[in-house]
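Reviewing the structure listed below.
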Amino acid sequence: MTSHPTLRIPVARLKRMGAALTVVPLLALSGCGGSSLDDTPNADSTITIGAIWAQSGNYTPLGTDMANGFNLYLTTHGNKLGGHPVVVKTADEGDTDDTALAAARKLLDSDRVDVLVGTASAVPTVKIAPKATTLKIPFIGTGGRPSTIKDVSYIWHTSWLSRETGAAIAPYLAQTVKGPVYAIGPAYTGGYDQMGGFIDAFRKVGGKLANAEGDNPNPDAAFATTPYPVTPDFKPYLNKIRASGAKAVYTFYAGGPATKFVHAYRDAGLSDIPLYGAGFLTEGSQLNPDQEGDAATGIQTVLNYAATVPGQDNADFVQTFQAKYPTIPNLYNVTAWDAAALLDQAIAKAGPHPTGETINAAIGTITQINSPRGTWHFNAQHAPEQQYFLREVRKDGRVLSNVVIRNLTTNIAVSAPPAAK
Amino acid sequence: MSTVTAITPDAINAARPPLLQRASANRWRRPRQGVAVAAAGLAVVLPAITGRYVVTLAATAIILALLAMSTQLLAVAALPSFGQTAFLAVGAYTAAHLADAGLTDGLLQLSGATLAAALAGAAVAPVVLRTRGTTFLMVTIMIQGLAAAVALHWTSVTGGDEGVDTPPVTLWPGHPLTEAAYQYWYALAVLAACGAGIGWLMRSRLVLVLRGHAGHEPRMAALGHHPTIGLGLGYTAAAAIAGAGGALLIVVNQHAGPADLGFGTAAAGFAAAALGTCLTGTPTMTGALTAAIAIIALRDATGSNGTGPLYLGLLCLTVPYLRPTVLRLHRHWARRSEPTA
Amino acid sequence: MNTLLHLDEICCRYGAVTALHPLTLHIAAGERRAIIGPNGAGKSTVLNAIAGTAPLATGRVVFDQQPIAGLTPASRANRGIGRTFQHPGVVDTLTVADNVALAVHLPATPPSGGRRRARDTRRAQVTTALNNVGLEAHATKPTEQLSYGQRRLLEIAMVLAAEPRLLLLDEPSAGLDPHEIRNLAQLIRALPDDIAVIVVDHHLPLVFALADTITVLAAGRHIATGTPHNIRTNPQVNDVYLIPTPQQRPTSHAVDLDVLASPSWPSNPELRTSSEPAPQPPVVLQVERLRAGYHGAPVLHDIDLTVTSGAIHTILGRNGAGKSTLINTIAATHPALPGTQIRLDGIDLPPGNPTRTARHGVALVPQGRHLFASLTIREHLALAARHARRHGRPPGDVRWTTDDALDLLPALRDKLGRYPAQLSGGEQQMAALARALLTSPRLLLLDEPTEGLATAVVDQLTHAITRIADQSVAILLAEQNQHLALAVADQVSVLDHGRIAFTTTARTLHEPATRTRLNDLLGVTTTGSPS
Amino acid sequence: MVSDLVPWAVTALGGVAYGLLLFVVADGLALIVGVMNVMNLAHGASYLAGAYLACWLADGTLTGLAVAVLAGIAAAAIAGAGLSVLLKPLAGHTEQAAVTLGIGFIASWAFTRLTGGNTLSPPRPAILDGHLSFAGHGYPVYDLTFIVLAIPLAAGMYLIVRRSMAGIRLRAAVDDPLMAAAQGLSVARIRTIALATGTMLAVTAGVLGAPVIGPGPGVDSHVLTLSLIVVILGGAGTNIRALLTSALLVGMVENIGVATVPALASFSLFLIVIAVLVVRGHRQAVSAA
């Protein structure tokens, strides 16, 4: 029937319908801005902030935490940053760098934001950075910073460098664990950065790994890898630990895989081998009873924040936070809160009509940020120079929480990433 | 970007062999041409009347359109494919490696990507073409999964989950294509060229053979058409089209990574072809193109706050039910315009 | 004459069924060969073995001095073997001209003038091919709009456009009207002398008009090969295929009476005939104005017929006369056209609903048996028996049990645990019959139950069918095997060109005038060329 | 020596549990593909729905688990019947696949909205919580229970399909739908029942398997892909034995295989499918569809 010549009429009509169908949304969208060839930045006193929070996919809980932290700062500061009224446009980070880039494009190109904030995952930063830099819009990262980013002139992270978390705990483990440590983590950029940071620092201070040759298909990495993003089952990987003779295990997992890992670790009968991890293993909603729950008890992790960090700033923050939200504040709340605090200072310094360029310049002049995690400042890589804490999952009242048990050595020297991966 | 309606003749049209020209058909030429010219004009001036965001989205829609057309070419042969992203990936990584090697010339990357994808298609075809129907659909989902796993884990070639960053393409030396508008125009030109190529293909003997295989495979074999060769050529051509889309991905994103070729992209490409078929009644390239644009508009533009999957889902859940209506309209119009015999 | 095709001891099996016992044939270049035989003789299997669509169990196929048994159908086609299918193999979604264009192969090196010239050549060849079969006016039509006969012609045009050296025609006259058959005969006769043709057909006038040599097969075995004259006069052929020669015709009733008197037919005609004067048994099936067809082209027109309780109504007709279509339309497995009325025990059967038709008490033993491949015979019977329990008709009706069925068909008794593929053709047929019986039907529809079966099995089935009728089941039997049909029938209808041409009762069946009429209608005449 | 084998034995046991879980899901898919000839791209979403249901209803008691299973079965029956109504007017494979794809999209969006996108791990009934220890290698009691539960489930499926009247009717409808109708079977009803049963199996697998493959974003397409692999290897339709074999094969590859050759962890299954396709002929693969 397809070949009947007279079918041309309906097709022509359908095409007209199709064209109309196409043109209408495009024209509607075109209201978002003038010609793409004539892009001039906004120049009124209202600051538009573009926030990329994960609203779908694996990072949704982190996105929600970050949005809560950021919005909390705004609502407690009269919806003004640096004296300027603020409009926040949000877009969904999604599951991948692809969706995150689409979100950044919408905020940068369509909403013409002055500042970009967000992303839970470290990976999209690489894709968003060049775009923001070209447009001279500062990007305040609230999630991990991958080691592979090149030009950081417009890129600032209020969070952490991916390699530094593990490096912070390495000396402590080398000192306290009497015997080799088994390293295991996911096979993606975040995993390689996090675990690589730990292993390099650990070896430097004389630590010994329990991993066998061939645990990682990549000969340059010494830790056991599990598939990412979906790890079907950790059991076969964990079954190797006992035979390795390890006296402790160090790991990095976040989100869904972290929940699975903690349960699998306990199920594998490894409870007598102490489990250490980067703090993301037990951060945020992970400790909820329907996620890790009691299985996480006793796990010691390293992170740059915990709700029990001493100090007035943190006490105030926790009180403010819990007045609005029913949960214990976590690192994701804090990095986003700090991003707002940073912008508060920077916008105030950026002149009467702040633009992306002037705000970025102002950020560079800020010497200190008073954060719930303690004061910190930017280092040369535009990431915080900050304190790390050793925390343990304990019952705190009726709920589980990450309790700070000691400060870890400051002035962490993060070794340079491997030249080429 | 609707230029393509002008350049991409659809299957309905292609089914008409040249010797069957009818005088009455010319009556319908003019309004159709008018619409096509208007759409083409709008597509060309789009960067002048809208912002960069829409322009970049439109470029993304062009990439999805190529993926959908690749899927649709197989649909013409009654092969429902979910795995054309594999060849999008081959094209994208090939172009990325060419760019890495300093070969930033856009046309060079385009031909390299198309060629590499075609070769990959020719290599995979003998395996997947052992199946038909629902099994073919299941096997192509496997192909998609395998491609995504390779992209994620063959780090030395694909850069793992971070992917490969590339310098901008150039059309003539020393002038990188960085402006969204120029990237879009380049993509549009590539789409126009591909559209012309697909248009030629749809009128070619190959597509006639594909449709023959779709209709009556034993008959085709009894006429001396080897199913694996005919369908294999079709599969290769479809892979090449997806490969061209991969080259454009590098132009627009300056990056190739596993995120661009995961389940989501594959699903969007499959849905665009399937919904396109429903919009026009039979598998047509116009339908695939229109559906690709609609999907991008709904999923990315309107649904940028996490509701994208919802909108795409609703689209998939409604459009298929339009097909009987469309077919009825076709028949109705066909009857009305039937010359009194 | 040099041999173009040599079949050397080829043998084909489907599961446990041997469709073709070792067969050797030589076809010379340009020869016109016909293969005839009753249904299930293995005629189509021979064609499929040559074309490459039936796997050979043993044997060699040599075409043009080259062994081709290992080649794909496409490779064989490219060596010059063209074929048609039993149902016209055309691509419905393409136009008529495009179908033919698919068949036109151009030489690898285009003639001077390049692509354009090549395209023009192809166009010209398409036009010529369509002109040859008289379809040129339909060139731009979608193929699905063609009638059945036109599709047949189109298929032949396609095959010829591929310029074969050997043409295999599988039942080319099926579904065609006399006018179309005449055109077809002319078309085949006008083929160039160097094309060899093998035609399988039931239309004997057509076969005799076309063939130089005729091969007769029966139940997968070679019976005879010879000139048309030899075949006509060969008594062995007459035995299996009942071709009445002109000489025999005046006394044909004698032959039939012999058959009826033969002890191998267990039914007792006297008894059955004597039951006639008894009080009129109730009408079970009443069909009025039944019309059905394929692709919009009607195959059956205004069929009226009735079957009474305990009676066997036999439908006779040539292949393609519409017997199977009639049976399937009554079973609602084939859609009836509007206006059709089918009543069972006075109740209208819902149109197009095989499930509800079955539940009203209609059981089907279809042509080709259609057993369920993954069910054992015991499971087949259990499925049917459950149906009878759930949807059984009012008490007082005969309820068939598995034991009843096994008593009737004892060969099945030790085969209950087997799957259909592990049974012989006869056992499969018995299983299909038993499955139908266990639904305790009011009406049993039997479509060619003896197709491809050995005589001994046919005897058993005949016996079983009469016994079933004795249990006041109404039976509608479509048959080609006149032995069986006439041995059991209470009533005989002859289907010709989609209409009931003639109905008679068992009582009048043996009158010479009736027999002559019957033979005429069944196309077993050898006089009168189709041209 | 024995202690060297223990980790492998424990890993193999994991493979069995994983394979059996996949078997239950894939069996449902095989039923849908076999009886309806529909590629149900929302099958993974059915598993996910069951797993979330387990998280909401499980309260650490066996009763809670039983309630979740029953609720899942009831919901799945309704959903399956609804899906069959949705699919009925559609003719082509592609359209049917598109509609199920759409349902999958909407379901995963809704789940993320309802759960905040967390990967959940429902509390296991208290008496099944904990693990057994074999020479220092633990194995969760729940997984062991799952094996113990799944074996009779698989045997039950086998018996139902092979021995019961329902199974006979099902096989008849798969083999020859028209002839089945002519035997008085309501093929439309059998199809609806097959779709509902297939969905029910996926949901039940989700409820019981939530502690093994926990619910979270992306789990739906992962489970879908795995069960597709099982169906491609084991064939669509009613061959329970082949399905079980291929499900256990997949389970073993996903456990012993990845532990032995981690480099091939992500590809091994795809490579197996392709190898099987190369070896197995065209005809068989087509008839499986």
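Of note:
The chains carry the letters A, B, C and D, assigned in the order they are written, with residues numbered from 1 in each.
Rule of thumb we're sticking to: contacts are C-beta pairs under 8 Å (C-beta built on N, C-alpha and C of every residue); 3 or more make two chains touch, one makes a residue touch a chain.
These numbers were taken from a predicted model, which means no experiment stands behind them.
Chain pair with the larger contact count among C-D and A-B is A-B, by C-beta pairs in contact.
Taking each chain's centre as the mean of its CA atoms, A is the chain most distant from subunit C. One simple way to say how far apart two chains are is to compare their mean CA positions; for subunit C and subunit D this gives 45 Å.
With each centre defined as the average position of its C-alpha atoms, the distance from subunit A to subunit C rounds to 73 Å. Computed centre separation for the pair subunit A/subunit B is 35 angstrom, with centres defined by C-alpha atoms.
As a whole-number value, the distance joining the C-alpha centres of subunit B and subunit C reads 47 Å. Counting partner chains per residue, subunit C has residues 93-95, 98, 140 touching two or more of them. Looking at subunit B, residues 15-16, 20, 22, 152-153, 211, 306, 309 sit in touch with two or more other chains. Contacts with at least two other chains are made by residues 1-5, 55-56, 60, 95, 217, 227 of subunit A. Chain contact summary for the complex, subunit D toward subunit B: residues 33, 37-39, 86, 89-90, 92-99, 101-110, 112, 221, 225, 228-229, 231-232, 236, 266-267, 270-271, 273-274, 277-278, 280-282, 285-286, 288-289.
Against subunit C, in their complex, subunit D makes its touches with residues 165, 168-169, 171-172, 174-176, 178-187, 238.
On the subunit B side of its complex with subunit C, the touching residues are 15-20, 22, 205, 208-209, 211-212, 214-216, 218-227. Remark: subunit A residues 1-16, 18-19, 21-23, 25-27, 29-30, 32-37, 39, 55-56, 60, 90-92, 94-99, 101-103, 105-106, 108-110, 123, 126-127, 130, 134, 146, 148, 187-189, 217-218, 227-228, 421 touch subunit B in the complex. Taken in their complex, subunit C has these residues touching subunit B: 51, 53, 72-75, 77-78, 82-83, 85, 89-95, 97-99, 101-103, 105, 119, 123, 126-127, 139-140, 155, 158-159, 162.
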